[in-house]
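Heads up, the next two complexes both have chain A, just with different partners, chain B and then chain C.
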Partner chain A sequence: MAMNDDITQMLFKVIDELNQLRPREEHLKKDLATPLAGDFGRLDSAGLINLIVMTEQRTAQELGRPILLTDDRTMSRINEVFRTLGSLADYIHLLLNEKHDG
Partner chain B sequence: MEIKTFTVADLQLALLSEDFWLAKTLPITKQRALSFCQNPRAEKDDPVLLVAYQDNQIIGYLGILPDKIFFNNADHKLGWLTGWWVDPSSATKGVGVILLYKALNTYRERIGVSGGSKEARKVLHASQKFIALNPLKGIDIRFRFNASRAVFRNFPWMKIFGVLFKIAEVLLNEIVNFRRFFWERRNRIRQRLNFEYFSSIDEETGRFIERHHHLDLTRKGKAELNWIMTCPWIVSAPQKDAAARRYFFSSISARFFYLGVKVYEQNNEMVGFLMLNVRNDRMSVVYAHFENRHAPSIAAAAVYHALAMDVSTLRLYDEQLVKSVAGLHCPCWSTQSISRGFFLSKAFADILPADCRLHGGDGDFAFY
Partner chain C sequence: MKNMMDNQLYTCVLVSDFNLQNFAGYAANDPEFPNLKPIAAPLGQPVPTLLDRAAPHWQNTPDLAVIWSQPQSVISAFHALLKYEQVPVRKVLQEVDEYCSLLANLSGRVRYAFVPSWVLPSYRSVFGVLDMKTEIGLTNTLMRMNLRLAENLEKISNVHVLNTHKWIERAGINAFNPKLWYLGKIPFGNDVFKEAAQDIKAALRGMLGYARKLIIIDLDDTIWGGVVGDVGWENLVLGGHHHLGEAFVDFQHALKSMKNRGILLAIVSKNEEQAALEAINQHPEMVLALEDFAGWRINWQDKAQNIIEVLTELNLGPRSAVFIDDNPAERARVKESLPEVLVPDWPEDPLFYPATLLSLRCFEMPSLSREDLSRTAMYLSENQRRDLKKSVRSLEEWLRHLAIRVQVEALHPANLQRAAQLLNKTNQMNLSTRRMSEAELMAWAEPQHRRLWTLRVSDRFGDAGLTGIVSLEIKDRKAQIVDFILSCRVLGRKIEETMLSMAIHHAHALGVEAVYARYIPTSKNKPCLDFFKGVAPRFHQQGEFFIRNVEHPFPLPDHIELVQ
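Presenting the complex of A and B:
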């Protein structure tokens, strides 16, 4: 089962990758408190989709198990799941645990 | 945030409801909703509109146009995305993302997109869910000299010379009229060709289309073309009405109509079919069917009608018509290459043949 630290490090790599697509002044901080989507969010639609796709790919590559962040269940809680980098890490942890239990 | 999915049946109920049309922001116009409900390729339970609400206010919406595409001797259902809008104040709330994935999930990842804004294309690209088809290449043929609009847009202070610009344009356009007179005499359009006009497809035209559309990706037949012609999304009106002011996309134009043209040669043989869309001073050939050997005659017929209807621009996307126009020596000021982009979800990537044919009206283009 993936540890929280593994998930955090994986997400920091996603942020590095995402920042390469963004102007310097719009770079996201590698911090679990960094807001992503929602009222204080930093990502527009294209940015959020990039984050989703990169996260799905890196989770499969680095944590060895695929997750789906585009299903109706996740989409219905999008502002909760993607509120901050930390909330996304918690959600990934939950998904991986569910898979592990299943 | 709550996402409501409207099926065709829900939209029929919404049309009867008063409350639905009282919203500060409309997710669809009545005209467009009526058209969605009449779509011959839609089932009653097909989702056709996704609306995002927050605190009972609409903060985004996405229309879906159910259609079929044809290849490998089979038809495949898909939905074309149309009218995708997100309230700019909610740009970071993931509304556009939810709408896109909701559409993809609802249609089992069988989605098409025709055109789209720069932002929409960025989102589609980021999702890695779509492949771009070869763009449809066409031309705009400009018959009217209309430089003042572009000049005033870039240099508003030049408006003080507005009268001089208008006089110059009138004089220059008289040159086109003069050239048109000789062009029509040289090409003997009325001697060589006869035309029959219609506002809905008759049996003869339906059979003619069926004989010529086997390579078309969307293979629009009599029922589908009749639907487009009789259920437009845009209404001809002198000014925006109350609904148009609350809906982000086009719903009103000063001049908007479709015209079907059957083209006959002098021996009374039907050699072509044109479905024309006239919007203000632009005419587009949205669907055209003919045999390649008749392409020069059909292109001449399109130019003839553009001149007869006094439009500034004729827009063509059919490859054979575009090629034929060069040999016609049209009385125009300029021509400009244009293109239309089409995207299909990757679910189709491995099965789509390379030789499928697109028309200028495919996707939701026929409605604009």
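Presenting the complex of A and C:
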């Protein structure tokens, strides 16, 4: 539960960073239901690249464990992983748990 | 004026061999004035983009352009060096010269162009010990390339080379991320782009005449440690073998360096004036002397009120000033009362004072003129003039005693920099408030049917420097006074009448029948309207036009010596 909160807070900081690049009217909400990629996504390809890099950096810095979001496993299900902020949080949780288990 | 300009969008053409979308995002969405509207030129084609004058993004004279390239993309000899092929540095620099000639051509296409210097990713550290060797080291060659770039472009007044290394250092470990490059052709981390956007906006603010000109500082626990009224000047923390004392001395050195670059210093402090001045004059480790300050208010009054008085005395507006105080309550009070004064958040720890001052992005000036460098001396002379005024019986007597000399010169390369600066900074006595780059101003003044003169004003107390501009445009035997600009430093000494006398004299000599001035109102130039309405001999007013037949000369004020 604590890890879920940490991941959510970390992702909200990523959203703050992303919003600095966007006009006020296009700011992303800090809400797990916020759509990211896919049919209803709010991010273009450059936005998605920024999201990936910022998320990897912050996960390493704030949660202390690096994750990889550009491998084949992630890229092959990109619309599913990045469908919403919540789906991304779940995926990060999964990756961190795998590392922890390993 | 600022409110009006706050909403103005400045078009910014982005030319690059890499993806500048993130830079564009920061530039467009940073809330600080001025607002930028980035326009991306075709990605990856900097040289064709620079060559193609007819390309759509160059139309309508964009306000600024940022030309940001990777060295290996635009200098093929450097690309070969990256592969450790044998290329003489001479060949590399020759290509830099050719690239610079392309950049120089931008001068007439945009108002301002910014060229970030070249860098290589900091992770590239193979062959480390050879890196600084001539003809072998990549960093050595790149430094020469950047120096050549800066030297070549120095001659172009509206093209500016920016220091990318500073942005890299500030971004630290996040300056480069290969992932951004491979996923998006973005060579830098976002912190680099954020720094770049802030620096370019600060530079543009300076070019638009919004650089801050005055630092107003507190004394106790700001330029020295301790409260002088409590401990006496002998026991202040300043200098000596003490980390805090050293930091205060360094802070004073930083302030002095600002003063040497033309920024005025003033004091607003809650203190007994005698005790404070004694500390400034007596403490052996004081770096700043009383003559470094253009004015001061040391008393127990409200600081916001004292700041207003200092600004009035120096004839500056609140938008010119920065207020530095260690006390958060005083800062909050000034912020609330004078929102246009910049009141930076100030660190609690004095060890960070010098760095905080030197990192402020509000003093950017596109050029430094003789007038900038001697600004404090000019204000001190102004105090002497004010003292003289108090001792005489009339304005006429004061003006006679001043022995004013006005030297008139046509626009030429040696006075162009200062003339453009005056044109872009003067708000009050400014008929049309045109804002132009040096190149634009020179180009405007060149045709035969136009005349532009600069005025240098001096008197017995000192030289105020180039402080006036008047220009004429002649058409159908009529001459329009296009620019009528006078620095607030010399207002009210009948230099205004001297400018009219000179302009009308020249217009008459050129066979013109009438001169007219068109007043274009701004939120700040009402003093110019008042002058034209009240001037004697009179101009005939028709709405915003002021007209005068040139048959009768406009007299030169008696007390002025005019040197043409």
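Here is the rule we use: the second predicted complex is superposed on the first by the 100 of 102 C-alpha atoms of A that agree within 3 Å, B and C clash if a C-alpha of one lies under 4 Å from a C-alpha of the other, contacts with A are read in each partner's own complex, and residues count from 1 in each chain.
Just so we're on the same page, contacts are C-beta pairs under 8 Å (C-beta built on N, C-alpha and C of every residue); 3 or more make two chains touch, one makes a residue touch a chain.
Not measured: the values here are computed from a predicted model.
In the superposition on chain A, A:42 contacts chain B only, with no contact to chain C.
Once chain A of one complex is fitted onto chain A of the other, the partner contacts of A:79 are limited to chain B, with no touch recorded for chain C.
By the touch criterion defined above, A:53 lies against chain B and chain C together after alignment on the C-alpha atoms of chain A. Contacts of A:22 after superposition on the shared chain: chain C is touched, whereas chain B is not. Taking chain A as the reference chain, the count of touched residues is higher for B when chain B and chain C are set side by side.
By the touch criterion defined above, A:70 lies against chain B and chain C together after alignment on the C-alpha atoms of chain A. Legend: residue contacts after superposition of the two complexes on their common chain; A:11 is shown touching neither chain B nor chain C. Of the two partner chains placed around the shared chain by superposition, neither chain B nor chain C is touched by A:89. Common to the chain B and chain C contact sets on chain A are residues 45-46, 49-50, 52-53, 70.
Considering their complex, residues 19, 21-22, 25-26, 28-30, 174, 177, 179-180, 183-184, 186, 190, 194 of chain C touch chain A.
Contact residues of chain A toward chain B in the complex are 37-39, 41-50, 52-53, 70-72, 75-76, 78-79, 82. Taken in their complex, chain B has these residues touching chain A: 1, 3, 86, 91-98, 100-102, 104-105, 119, 122-123, 125-128.
Those residues of chain A lying in contact with chain C across their complex are 17, 20-24, 45-46, 49-50, 52-54, 56-57, 70.
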